[in-house]
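Below are structures written as structure tokens.
Paired with chain B in one complex and with chain C in the other, chain A is shared by the two complexes that follow.
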Partner chain A sequence: MATPAAPAASAPPERRHGWWIFGIWLVLSVAADLLIWFAWYPHMPPGVMSSSASHQRFDIAFMALLAAPVVIFIWTYFGYAIVTWRHRAGDEEDGPPIHGNIRVQATWIVATAVIVLGLFAFGTVELIAPAGAGAGEGPAPIWKPNGTTVNATSWSPGAKNTLVVQVIGQEWWFTYRYPQFGGMESTRLYLPQGTPVEFHVTSLDVIHSFWAYLLGVKADANPQVDNVAYTTPKHLGGFIVRCSELCGLWHGAMFNSGKVVTPSAFQSWANSVRAREQGNGTLAALPPYALTYDPTVIPQLGKDLVKVAGITGANGYYYPGQQAGTPGNPVSP
Partner chain B sequence: MSVPARVAALLIAFAAVVVGAAFIVIHYLGSNPSFVDYTSVAHGGQVNVVLQEDPQNNSASKPDWVSYFVRNPQTRVWEHTTLFKVPANTRVNVTILGYDGCTPPRNNFWSQVQGTIGGTITVQQFKDTNQPLGPPSTTQIFNGWRHCAVGHTFAIPGLNLFVPVASPNASASLCSSSPCTSGPYSLEKFSFMTPRHGGEFRWQCFVPCGGGFIDGNGGPMQTLGYMTGFMEVAS
Partner chain C sequence: MAIETQPGAERIQPVGAGAARPWWMRPAVHTGLIGAVIGYLFGHLLGNIIWPGNPAFATGLSDTKDFPIVLGYVFGTIGWLAGLGIFNDLGRLMIGKPLPDVEYAPAGGLAKYFRYTLDHKVVGIQYLFGMITYFLTGGLFAMAIRTELLSPAYHVLSPNAYVTVVTEHGTMMMMMMTSVILGPFGNYLVPLMIGSKRVAFPRIEALSFWLTPAAYLVLLSGLLLGGLPTGWTGYEPLNLQAGQGMDAYGVAFGLMAISVILAGFNLIVTIINYRAPGMRWSRLPMFVWGIFATSWLMVLAAPVLVGACYMMITDRTAQTGFFAPQLGGSSYLWENLFWFFGHPEVYILALPGFGIVLDLIPVFCRKPLFGYKTAAAGMIGVTLLSFFVWQHHLFDSGINPDMRPLFMLTTELISIPTGFIFLVAVGTFWKAKIRLTIPMLFALAFYFNFLIGGISGVFLSDVPADTTEHGSFFVMAHFHYTIMGGLIFAFMGGLYYWLPKMTGIKLNETLGKIHFWTMFIFFNTTFLPLFALGLLGMPRRVFEYARNLQTLNDWVSISAFCLGGSILIFLVNFIYSTLFARERETGNPWRSRSLEWQVPSPPPPHNFQHVPVVLSGPYEYGVADAPPMADLAPPVGVVSAAYTGAGVEA
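Moving on to the complex of A and B:
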């Protein structure tokens, strides 16, 4: 019977690689997360101009906190392996065959499952808690701001009084209607600080997308669809509104500026626009406020805008050529 | 295939690609309409810009598209372009001759005059050249829905300038040969200030006048030289 060879008395003890990797990973991860939280987070986009923006910033920071240790673990293992298990001169020996490791596999499955399920729970909470997180929720939103009230015909300053703003996309500009101020319309988006805002986003032609980046609000503007989004502006200042849906030649130029002002300044501005549009007849000329609009229906000119007496443009039709209807039949836009 | 034949085929294919690329560059990129320069005729902090919009145009490829024309201040010739240049910090006095018929705006908000000096436009209707149908009138809104009265708009969104352009209200037939010199038209005047800094400002029509295209917004609405263009502000 052969006896196993006794280990050489001079062989150094095997280094505990797992603990080494864990130690390096722990130090680097803690350092990275501290940097992320204290140095990067305060400067992360989209900032803190509104409730939805600050929620988004927190989400991004939290994701970075989670992602950093994962990335660092991969890099640590990679670097450790290169340094420790690299090929050395004169060493022609193969590595030991590996036939599975229940502990490693179980750790991997449990860890990834916890991360994915945790992200699912976190994402769901972060979608519900800030009332849709500034995203368009469609015509029947299920995540609304808590404890706020909407007066359909008037608005006064107050942290619970929701301001309703309709965003109308048209190639190639956004306009804004304020139904609580007589349905006045403006090319400028003014919002009061500290007030919940309910956006109703729609389009008069193709698909646009209302993206107020610094407010953390983004909602598609679809024709014949009322897309609702919420936010609460928290800080005074200007912001840019962009179209984020390719919509034609001037898509890249379809942006304008908005402003968060004090509630009293907002009220003053809105009342002045309303008074001007009342005085010059614009309010009377606008269609009654509605959640969506059909541009082919102009009651003042006749319901079916197929061929209206007096329209002499092109061949006499509102939509000439292939899109033209026939007299008596609606236009198919 | 022999080696010389393969080389020849390769050279021919390469030449075809080069010719195709050259055609694209020359035909599409190099065929932008010309700039009409108003900077040399500015005087006393003001400049007069004259435009007309027609139911058709004088191009060979798309003669049935509605189009703007710009009058060259030196030659007084109507140029088929929508690019013009004005000085910075200058009062621009715009005259638009509207020869095209009416089309209701998709959003009647564009019937409101915005961004002009005084917030108004002055409109006068003509039965034909030098045959006014009435005195000029000044207004803050030209309601394109009350009666079909707006042909197009002239808008420079970057300057918050939005102006409805009246259509002729005469019953006579519209001008049928561009650039129009006869036929019923509306004469519209307004002024605005150019910014203190230079730059290029796109302008467009907000009435869906691209007949035959989706929502009336294709064709001339999306092509420089027709219903959209640039105003270059020289600093």
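Moving on to the complex of A and C:
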């Protein structure tokens, strides 16, 4: 940090303001950074449930480590200035006519430039290394998990076998389709532990945003766009999925839940759902798995058969906003 | 050229024909309202006649009643402007009649504030009252939002009412308040600060103000048309899907964009061409630099918004498909257009705040501004870079993932010129004689709040961290810290500082101190916990949230009500001081060197009796042999010699 150097003209008995400010700043900054790293970081959101979540947590902690000294410098400086250089009653003189100081200005500019460029390098590495950091990468992702394979039609447990999950956003519900299990669909998001997951996020109507907070995944669900995001769940447990893009009336109530389970438990769950949907005809009635859907040309939508547990998740209807009911209870068109 | 150098008093006459008529026959707000009603009815009828069956697409994307409503708004606005008499001179020119003498400084008491006038000081006061009205309206919506969020499950507002209130709050604050500093202070003070008797385009300036009440009423009329469910960002295709309330959003946003283009254009030309002799670029007050930078942003960014709103309105009425994915359009197009305007917009809000605080601190530090060129460079740097950062709003949208490192870089780079504003303050405070007056307290609070806002912005520029924070209350807290904590605090500081200049009346100091401390404390207790809420996973614009977040939300809501109470204290102070106490302050209460304080308060009709000759910079405090900033009565011939000299050199 730039500490303003004391002007050479100051009288000898005067306090060395620059060093005082530097000293106070140093003590407070070290204390704050130690607190951030050892006391806060272990509990920092969004936790460590997945690879991308722990990367995000690390980034937030790292930025906090850098931000604390900057904030403390400004606060220390202004606090010190107000206390030390406050106008005393009866003193009608103006302050010293200092118009600038090249050394101070240059130090400041170089210091901020170094911090900023360092942050840029850090952020870029942190974006590329964890495969896009859990953010939506659009239809043609350029940062993918290393050394993994994607089988389009089947999945078996294995740390290298990517599970593909499609997230379909719709007013006001999320539905999940598993193309490697015959395109079966679910309104709960089950994921196997320790497996790279490739999310394909799309929307049937307006822009939603798929936000699995504890999983560290956020990808907008755009109509007619396939938005890909990656993560690898590390820990077992439940999580909430919320919509984080305003999507109309019931945006505030657009959430459902998911669960990270062991790979074998996942496989048996997925197979049982697939068998059930094959049995009751849902799978046959669903539109074929695709990266995007146009609800105006899906003939199955709105038909009674799909109403059982169809693509819409909201019990069977694609419904425009004007006919809005409550989530899960749409008004019949 | 000679015209401008002469004392203006003899030349300016009151409007010949108009002055004789009684007040109710002269164009003013009441005739404007009559014009607006007639215009709206005409437009609505026209829409129904020329497009009776306005065919809705099979997809149900559009509503059949949009066309008459939009035409009603457009003709209503034209009727409003015509009723105000804005087209009168244009009409005279078109039929070949001579223009009446131009009324740059209308006489008369309160009535002139309700009329279309060409006096920049009247327009400044009109803007001041307009902006305070819009701010209070937006604030009431904020109170409604916080009332709803008192409970995670119990609802005070219906879902439709809630999203509408959220949209109205955001749009009112972001759109209507775009000119919150440039409108009142920019229009009023820039000519005074640069030593000019007037602005370059008084008609355009007045038009820019009179569009804002129209936009305000149109925007509020959305409440009567079924609400606005999109938030201030108006994302497509939700926008297309929504009812007629969104027509109000589109027209109002478009009108406001036109207003800010006009306001910015006028001030750019004024600052370049109307500076007094000797007012070099290196002697401009920092506030003028801030307004100059802001005006460029307005002129360059707002046209994109006008275009986007126009496309959106044709999508909703004439069945074009720019933003409808099923018709070959793209929702990304709206996001790009909106944020290409929207990000410069937030700097349009921030830069005048920079200008105000940088102008205030030398006065109350009694020291020259530290690093004048650095401060100006900081503002120019922010202006330039702000056009290259917009896609950081779209880090999770799936758009251009390969461009993310670039937008991360530009976003982080912008913190360098923003840092200059802090550097300048740090240097100016060094060994200063700090006077903690109310404007200075607001300036210090600006630095306190803007620091938190700026640093949290750096968190948001980092893509992995942004993946957690985007679309959450963290973002909400971030931009409230920069806009409310930065801009509104600077606005309040400017108001306490310049109201004696503008009205000759000063605000009560005790109430002012109470206002400052309550506003500062409750602002921070309201918005600091929102960072935590965002990091704990609460998305924006929701009315249901996780039960474990209720304590924090209740704390925030109660703080927000107290913050509303603080604004009420301000209002009481403003009304009490200007209407009842009326404590006169006609001199230079802050002992400022700046040019606007060298004329009496409120300034005489033409600002300066003679064109002043500027002799030194505005911040030469403590400089032993510094001449006064300007010679207000230069010897005969000096001014015209200065102009001729400049002409020869050029």
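Following the convention adopted for this analysis, the second predicted complex is superposed on the first by the 277 of 333 C-alpha atoms of A that agree within 3 Å, B and C clash if a C-alpha of one lies under 4 Å from a C-alpha of the other, contacts with A are read in each partner's own complex, and residues count from 1 in each chain.
FYI, a contact is a pair of C-beta atoms (placed from the backbone, for glycine too) under 8 Å apart; a residue touches a chain by one contact, two chains touch by 3 or more.
Every value quoted in this text rests on a predicted model; they were computed, and no experiment measured them.
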Touching A:263 in the superposition: chain B (first), chain C (second), both, neither? neither
More residues of chain A are touched by which partner: chain B or chain C? C
Touch test for A:222: chain B only (first), chain C only (second), both, or neither? second
Which of chain B and chain C A:168 touches, first, second, both or neither: first
Touch test for A:253: chain B only (first), chain C only (second), both, or neither? both
Under the stated touch criterion, which partner chain does A:205 make contact with: chain B (first), chain C (second), both, or neither? both
Determine, under the contact definition given at the top, whether A:105 touches first (chain B), second (chain C), both, or neither. second
Can A:145 be said to touch chain B (first), chain C (second), both, or neither? neither
Taking the superposition on A as described, I'd like to know which of chain B and chain C A:134 touches: first, second, both or neither. second
Both partners, chain B and chain C, contact chain A at residues 205-206, 248-250, 253, 320-322
Mind pulling up the chain A residues that touch chain C in the complex? 2, 4, 7, 17, 44-46, 52, 55-56, 58-60, 63, 67, 70-71, 74-75, 77-78, 81-82, 85-87, 91, 93-101, 104-105, 108-109, 112-113, 116, 119-120, 122-124, 126-127, 130, 132-139, 141-143, 201, 205-207, 209, 211, 213-214, 216-220, 222-225, 227-228, 240, 242-253, 294, 296, 320-322
Contacts from chain C onto chain A in the complex sit at residues 58-60, 159-160, 162-163, 166, 229-231, 233, 235-238, 241-243, 325-326, 331-332, 365-374, 395-402, 404-405, 408-409, 412-413, 415-416, 419-420, 422-423, 426-427, 429-436, 444, 447-448, 451-452, 455, 458-459, 461-468, 470-472, 535-537, 539-546, 620-624
Contacts from chain A onto chain B in the complex sit at residues 168, 170-173, 175, 185, 187-188, 204-206, 248-250, 253, 256, 277, 280-282, 285-287, 293, 295, 298, 300-301, 305, 308, 310-315, 317-323, 333
Give the list of chain B residues in touch with chain A in this complex. 55, 66, 100-104, 106-109, 111-112, 114, 119, 140-141, 143, 145-148, 151, 155, 157-158, 160, 162, 167, 174, 202, 204, 206, 208-209, 211-218, 221-223, 228
